[in-house]
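The structure's right below; bear with me while I get my questions together.
Labels run A, B, C and D following the written order; every chain starts at residue 1.
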Amino acid sequence: MNITLEQAEKVIAAAKKKAVDIDTKMNICVVDGGANQVAFARMDGAWLGSADIALKKAKTARFFDMPSGEIGKLSQPGESLYNIEHSNGGLISFPGGVLLKNNKGEIIGAVGVSGSSVENDHSVATAGANAL
Amino acid sequence: MNITLEQAEKVIAAAKKKAVDIDTKMNICVVDGGANQVAFARMDGAWLGSADIALKKAKTARFFDMPSGEIGKLSQPGESLYNIEHSNGGLISFPGGVLLKNNKGEIIGAVGVSGSSVENDHSVATAGANAL
Amino acid sequence: MNITLEQAEKVIAAAKKKAVDIDTKMNICVVDGGANQVAFARMDGAWLGSADIALKKAKTARFFDMPSGEIGKLSQPGESLYNIEHSNGGLISFPGGVLLKNNKGEIIGAVGVSGSSVENDHSVATAGANAL
Amino acid sequence: MNITLEQAEKVIAAAKKKAVDIDTKMNICVVDGGANQVAFARMDGAWLGSADIALKKAKTARFFDMPSGEIGKLSQPGESLYNIEHSNGGLISFPGGVLLKNNKGEIIGAVGVSGSSVENDHSVATAGANAL
């Protein structure tokens, strides 16, 4: 199973709505099961540098099948995955990348959000993921 | 002036409609006046490799403020811009990248389309641009 | 549908056998439906530089759902896809990349072969693909 | 002396067996004495992002002729090789990369494993190395 564009657009719409609700401006990226970009939106006035971060968060979540922030806990100095960010052309290992699953619980892609605090990023990504 | 996300989504919707009309599956990318990605959509079943090409076509159009295919005429062996594709992290210089202008004729971004023949790519990109 | 490691190993074994039959030394790479590497083998004495080429041929075939050499016909000077090789981190557009399909005809990945003439590369890749 | 493909395949087979025994799904990569990839396998369902990590662990081990995790001890903040991961296109400096030696004790390559805890990765890599 792989995500469709219609599903990806639903994820982005839900994430945008959440971003507006909490008064933030986000970059939102959806990748498929192969970690390839399916859909992207940068809200007006959102940080330019967050576009690449949103993409890398989505990829990071799918690369290791967990929220991007979980990787970050393990990649701190002294922890087991220290500096894993140097792999795969650059990971982003703080919160904001969340897996996307279908109603059977199968992974069909991931969403990455960047533009505010990591708590807000994660919350907007989760709102997107819950739209499926 | 810069493109808004709402305008970018209008461009993508018009391009998608045109792509369906001519029975193609496209990757469609919109960049703003700074050549930074604003919105992207990969239609179901469209070529994976065309995502990067759609982005590079849009950037190429905005980098030189002309349709991407115009650059390609000048980058042939013996021509004045031979191998310009090596610049800017990789250009795509065949048709499918088109400038986006507001109703005063000011450049506000560009759209890049990839997934079929270059004629179809250009035609879908133009349909997108005409939505503004 | 996506290729399994067992299928990928069958492809590599058949390609290696063909390579020996025609007295060549090959790099053989299999990617899945998302263009991510599944299996790889470099035969003893095969060119070092062909490892990356084998990977890029496999990716190129999957990126555009056609044999890599078909892209090369269109990317010549004056042709419609001139210099497409600058996309996707570098394409290889000469023969040796071939799609892999299951018995329903669905694309499940691609194989790329490099190490000899492009005719030999293509023939070894095809032998690999026929093992499925 | 350099590793042969037959030896590399023996290493991968032993590593796969160990991975199954401890109920993990691994990416396994073997490089030769020149730190160039010889063989690779991604087990079904293993993390996509671990392919590049397995390669980088193997390279890291051979680049400095020690287990990848030893580098990681020296690359912590305040230590002598802080941020060495920025070299060579990206190192991975946590456990899972192990040298491969022939029966005379000469280095002939390295194996890198990624897909589970670093303890499991290292244990699977060691099982692979012991097959020689």
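In this section, a contact is a pair of C-beta atoms (placed from the backbone, for glycine too) under 8 Å apart; a residue touches a chain by one contact, two chains touch by 3 or more.
Keep in mind that this is a model prediction, so the values were computed, not measured.
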Could you tell me the distance, in whole angstrom, between the mean C-alpha positions of chain C and chain D?
25
Mean-CA-position distance for chain D and chain B (Å)
42
Taking each chain's centre as the mean of its CA atoms, how far is chain B from chain C in angstrom?
29
List, in ascending order, every residue of chain D touching at least 2 other chains.
48
Can you tell me, using the touch rule above, whether these chains form a line, ring, star, complete graph or other shape?
other
Pairwise touch list, complete, is A-B, A-C, A-D, B-C, C-D
Write out the stretch or stretches of chain A touching chain D in their complex.
34-35, 59-60, 62-65, 77-78, 80-84, 86-89, 91
What part of chain B is in contact with chain C in the complex they form?
47-50, 52-53, 56, 72, 75-77, 83, 85-86, 90-95, 117-118
Chain C - residues contacting chain D, complex:
4-5, 8-9, 34, 36-44, 48, 51
Interface residues, chain C side, partner chain A - complex
32-36
